[in-house]
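These are the structures, in structure tokens.
After this come two complexes, each holding chain A, first together with chain B and then together with chain C.
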Partner chain A sequence: MVSSINPSVKMIAIVIPGLILSLAFDVMTPLIFFLYLLMVTVFFSGVNLKKWLMFFIPLSVFALMLAWTSMIHTDEKYAGGDILVDFWWIEITTGSLQVGISLALRSMCFIALTLLFALTTDPTKLMLSMMQQLKLPPKLTYGILAGYRFLPLFKHELDLLRQAHQIRGVSRTKGIKGRIQRFKRYLIPLLANAIRKSERVANAMESKGFTGSRERTHYHDIQVQKRDWMFLASMVSALVLAFYLSYTFGYLNIFGKTF
Partner chain B sequence: MSHSPLLQLEHFTFSFEEDEKPVINDLSFQINEGESVLLMGASGSGKSTLALCLNGLYPEAVEGISSGDLYFRGININEFKKGELNQQIGIVFQDPESQFCMIKVEDELAFTLENLSIPRKEMVEKIDHVLDLIGMKPYKQSKIHELSGGQKQKIALAAVLLMEPKLLILDEPTANLDPVSSLEFIELIGELQAKSSMSIVVIEHQADDWVTLIDRVLVLDQEGQLTLDGNPSDVFQTHAEQFKQEGLFLPQDFSGHQSPKQQPSPIASTHPCMTINHLSFTRKNKTILDELTFKIYPGKLMAIVGQNGAGKSTLLQLMARLLKPKHGSITFEGLPLHEWNEPKLRQRTGFVFQNPEHQFITDTVYDEIAFGLRLNNESEEKVKTVVQQLLNTFHLSEQQWRNPFSLSGGQKRRLSVATMLDETPDLLLFDEPTFGQDAYTTQELMNMIMNLKQKGTAIVFVTHDINLVDQYADRVMVLNEGKIAHDGIPERLWQDEDLLKEARLRKPYRLERNEVESIGLIH
Partner chain C sequence: MNQWKLKEIVLMSILGVVFGFIYLGFFGVGKILTSIMAPLGLGDLGYEVIYGIWFIVSVIAAYIIRKPGAALMAEMIAALVEVLAGSTTGPSLLISGFIQGLGAELAFALTRWKDYRLRILIFSGVGAALLSFPYHFFTQGYDALEPWVVTLMFSARVISAILITGLLGKFISDQLAKTGALQGYALGKEMKQKKRDDHVA
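The block that comes next holds the complex of A and B.
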């Protein structure tokens, strides 16, 4: 299961394909890799598919819109080929269609990759692993963890602020200027409280003997095992395979250059 | 009990800035091994700052300036390495929300042990043992944010106990807890005290529940100097007058007089100011309030009590039209609440929040009070007279050009009420306005509320403070699991033992003490 993979290794296994994939301008390479990602998500991630779709669909719609825009505004350099559609001001050529579809598929790959990471990774384990494997300083990792706890508190406080200001009649001030002022009024108490809270947490942490020193023991010993390397290897091989297949079928296009 | 000094201060002075007046001023005293000390002082007397100085966090953490000497078991604290002294002196802080950095209980406790570089093999045993000690074993795998305030404070205590400190400092640990949780926490400290030789310093405004646990009382004055130091009967009896002059409240065991019942207000109107009919509210398919029906009358103070999550704040928000009811109706002054026009409604009702800062929207105290008047297009002349009058009543004239955020806790509280009073409202709602406030501020606030009540304003007051209810409320409503479990005069509620227990409420102190006396446990 992907959720049991070491978070740091998992992160590397997600970032590498993400970076390399952004070079492929053809349709075939991201398509093959996307199919592979779907397979991993469905069979090996343990993620609830309904939950996955709830994130994936809205993000994909956004990706498709982006692809549509880039298709009708394709750079001259790539927009070669026959004209497929010439309607009013819209002109679509085979070249621009390819650019659009490729961008859509790449975006969907990024979304699938991000979800594969985000939905299977425990934030505490991620931070502990980054401290133990990637040697991030404890000051930073525990700081992020302490901050993470505050997120729901912030939302609660913003709700309270809105109510308190409504009572004072602030919503009655109109116009853009009024709106900017309202935002300013939220900001000061939110910041004041955030600073106070973080100071308190820092005091509490230091009072419990935290010095930020790397010399500490670990309750959760987060290790890198064989299966973590295998996961990384499988992701990279799938990527290589996607490029190879695309090359043999004559589709591969890197930065507008066909091979 | 041994009498060797554990901690010794010699002319210790501390200030945040070079040219500022010191927060702690020339303190010399010692705390002995095994001693339990109560440290008292009005807000701003530097109690919490002193706690952080004692465990070596200050002055370094804030780049403050200190002079004089501090010795731990005879060794100057400057000779300890970073983090070393913290392990000897543990602190439990006031705010249960901001003491943790991990999500799960187990991980938070492990965090302490990791800091001390305890080998992993020993951790599980130590964590299980400390959870057993505080009676929280079933919660080992729980998420901290899902615990109640009282449980969070116990976990904060456990995390500190894991260091096996020689001195435990409790900085108003129960100020944010409901009455029963607060008592449970204090009882837990009593049990720990019996089992260990640890010294304890308790910082607290309300000494009542702690009196039996402590050997000695220290009192700091506004200048950050030590004015009283002695055993409880010495400080609370022999020096009672001096003690009261510091703006502190004597424990009721020593103050003798029973809290007087407030005079009933002269206005005895039978015409309700607000009528609530079959009111229900649900959130995410969970019933928060279930078919509530009651009326609110002018010139009366109604208190709403009940444990956390009983729906008290939600009810208040519905009454202020900050939320929309799912079923049922609310009528205010004869007109359905949802038909009121917003400015009119806000003029005739007021809502005071738990945190006064949430209500501040301008840059000066003056503008803050003038804000509502200006919104209503009052003449600048009228604004001036009304604001001056309110500034005088609330003792804020000297601070009128200061930024509201720079005021002291008590001043902020006063200002937050003053902003609601540019016109005398018909209905004033308070959501736990005394939560975490010191006794003096509480007293001041209650005096203002009583004045308004006399003028005929209907007051609705959500609180955890049973003694306040006993002293001031004409009527008390108990919410339990979204339903009205009691609605009537406070006296009747104090007789309903079963309900008190079910809703996690305590009796007011004067009654609790009478009972203890009658079965002859003290005096």
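The block that comes next holds the complex of A and C.
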């Protein structure tokens, strides 16, 4: 199951394919990798598919919108081929259609990669693993964890502020201008409170003997096992396979050059 | 990291956490702007006009704490929080956070972390825009776009960095210092000193 993979290794296994995939401008490469990601998500992630779709569908609609931009403003380098649509200022050729679909599929791969990570990773474990495996300084790790723990408090404070404004009759103007004003009215007090709290937390940590030294023991000992490396290897080799297959089928296109 | 006081690190982390969530919120704003501009075929521009918001924690943290690395680390923490909270861009956001933070840190590094006037803060935002654009050019496939669209997007990003990162970033920090919450940090101390000087004069 993907949720039991070491969080740091999992993060690396997700970042690397995301970067390498950005080389491809053809349809085949991201399509093959996307199918692989779907397979991993369905069979090995243990993620509730309904929940997954709830995140995936709205995000991919958005990806299509961005692909539309690149489809009608395609650079000459990619826009070759026959003209399919020529309407007013919109001109779509087979080349630009290909780029549009490729970029949409790339975004969908990114979304699937993200969800594979976000829906299977516990934030606290990720931080602890980053401290133990990636050697993030303990001071930073616990600082971030403390900040993260404040989040429910922020929500509570936001409610308090809202009520305080209401009781004093501060009007809630509508529209964009009102929204910006409200943003300003809430942001400064929220941040000021957060800063005061962070100072108190730092004092409390120090008074309880936290020195931030790296020579410390861990209550939650997070390890890297063989299956973590296997997960990393499978992600990278799936991507290599996607590149190889689209090369053998003659689709592979890296930055406008067909191979 | 050894010259840092724990309270400065915790402050930086908290700023990173708060702005990580603000960044996430602005993804929604960017999406609305994108949907408005998408029918015109300028969807990508929706994000560029507000891009400066995603550099802002660098300027705020550096301006308040005034230590080497504040701009870079605060931006990376914000990116990490976005990832933890489940951002749509995913863990590769850590890389863009690193690049943006590096660009923002550059301005302060060039002044040896001694100059925190408005022009340096603006320069810091522009640095983040300059360094981050080539990275997004690569990952978002801007290479497939017509040159004039890419130029337009780049200009929008730089202008947004000047206005939102530089000017708004300084404004928010100054407003915070006025509340008195920053008395234990460099910006609060400077403000106190200034008040005293004004009093004497």
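Quick notes
To be clear about the criterion, the second predicted complex is superposed on the first by the 247 of 259 C-alpha atoms of A that agree within 3 Å, B and C clash if a C-alpha of one lies under 4 Å from a C-alpha of the other, contacts with A are read in each partner's own complex, and residues count from 1 in each chain.
By definition in this document, contacts are C-beta pairs under 8 Å (C-beta built on N, C-alpha and C of every residue); 3 or more make two chains touch, one makes a residue touch a chain.
The structure presented is a predicted model; accordingly, all values stated were derived computationally and were not measured.
Overlaying the two complexes via chain A leaves chain B and chain C side by side, clear of any clash. Look at A:237: by the touch rule set out above, it reaches neither chain B nor chain C. In the superposed model, A:209 makes contact with chain B only, not with chain C.
When the two structures are aligned on the shared chain, A:48 is found in touch with neither chain B nor chain C.
Shared-chain residue A:151: touches chain C; no touch with chain B. Of the two partner chains placed by superposition, only chain C is touched by A:14; chain B is not. In the superposed model, A:114 lies in contact with chain C only, and not with chain B. Contacts of A:218 after superposition: chain B is touched, whereas chain C is not reached. Of the two partner chains, neither chain B nor chain C is touched by A:4. For chain A, the partner that touches more of its residues is C, with chain B and chain C as the two candidates.
Chain B and chain C never share a C-alpha pair closer than 6 Å once the two structures are laid over each other.
Across the two superposed structures, the residue set of chain A contacted by chain B and also by chain C is 123, 146, 148, 188-189, 192-193, 197-198, 201-203, 205-206, 210. By the touch criterion stated above, chain B contacts chain A in their complex at residues 52, 55, 57, 61, 82-83, 86-87, 90-91, 93, 95, 97-104, 106-107, 110-120, 123, 144-145, 156, 159-160, 163, 317, 320, 322, 342-343, 346, 350-351, 353, 355, 357-361, 371-372, 375, 405, 419.
Put simply, chain A touches chain B in their complex at residues 123-124, 142, 145-146, 148-149, 152-153, 157, 160-161, 163-173, 185, 188-189, 192-193, 197-198, 200-211, 213, 215-221. Residue ranges on chain C touching chain A, taken from their complex, read 1, 4-7, 9-18, 21, 31, 34-35, 38, 41-44, 73, 77, 80-81, 83-84, 86-92, 94-95, 138-141, 143-147, 149, 172, 175-176, 179, 181-182, 184. Contacts from chain A toward chain C in the complex involve residues 11, 14-15, 18-19, 22, 25, 55, 59, 62, 65-66, 68-70, 72-78, 89-90, 99, 102-103, 106, 110-111, 113-115, 117-119, 121, 123, 126, 137, 139-140, 143-144, 146-148, 150-151, 154, 187-199, 201-203, 205-206, 210, 212, 255-256.
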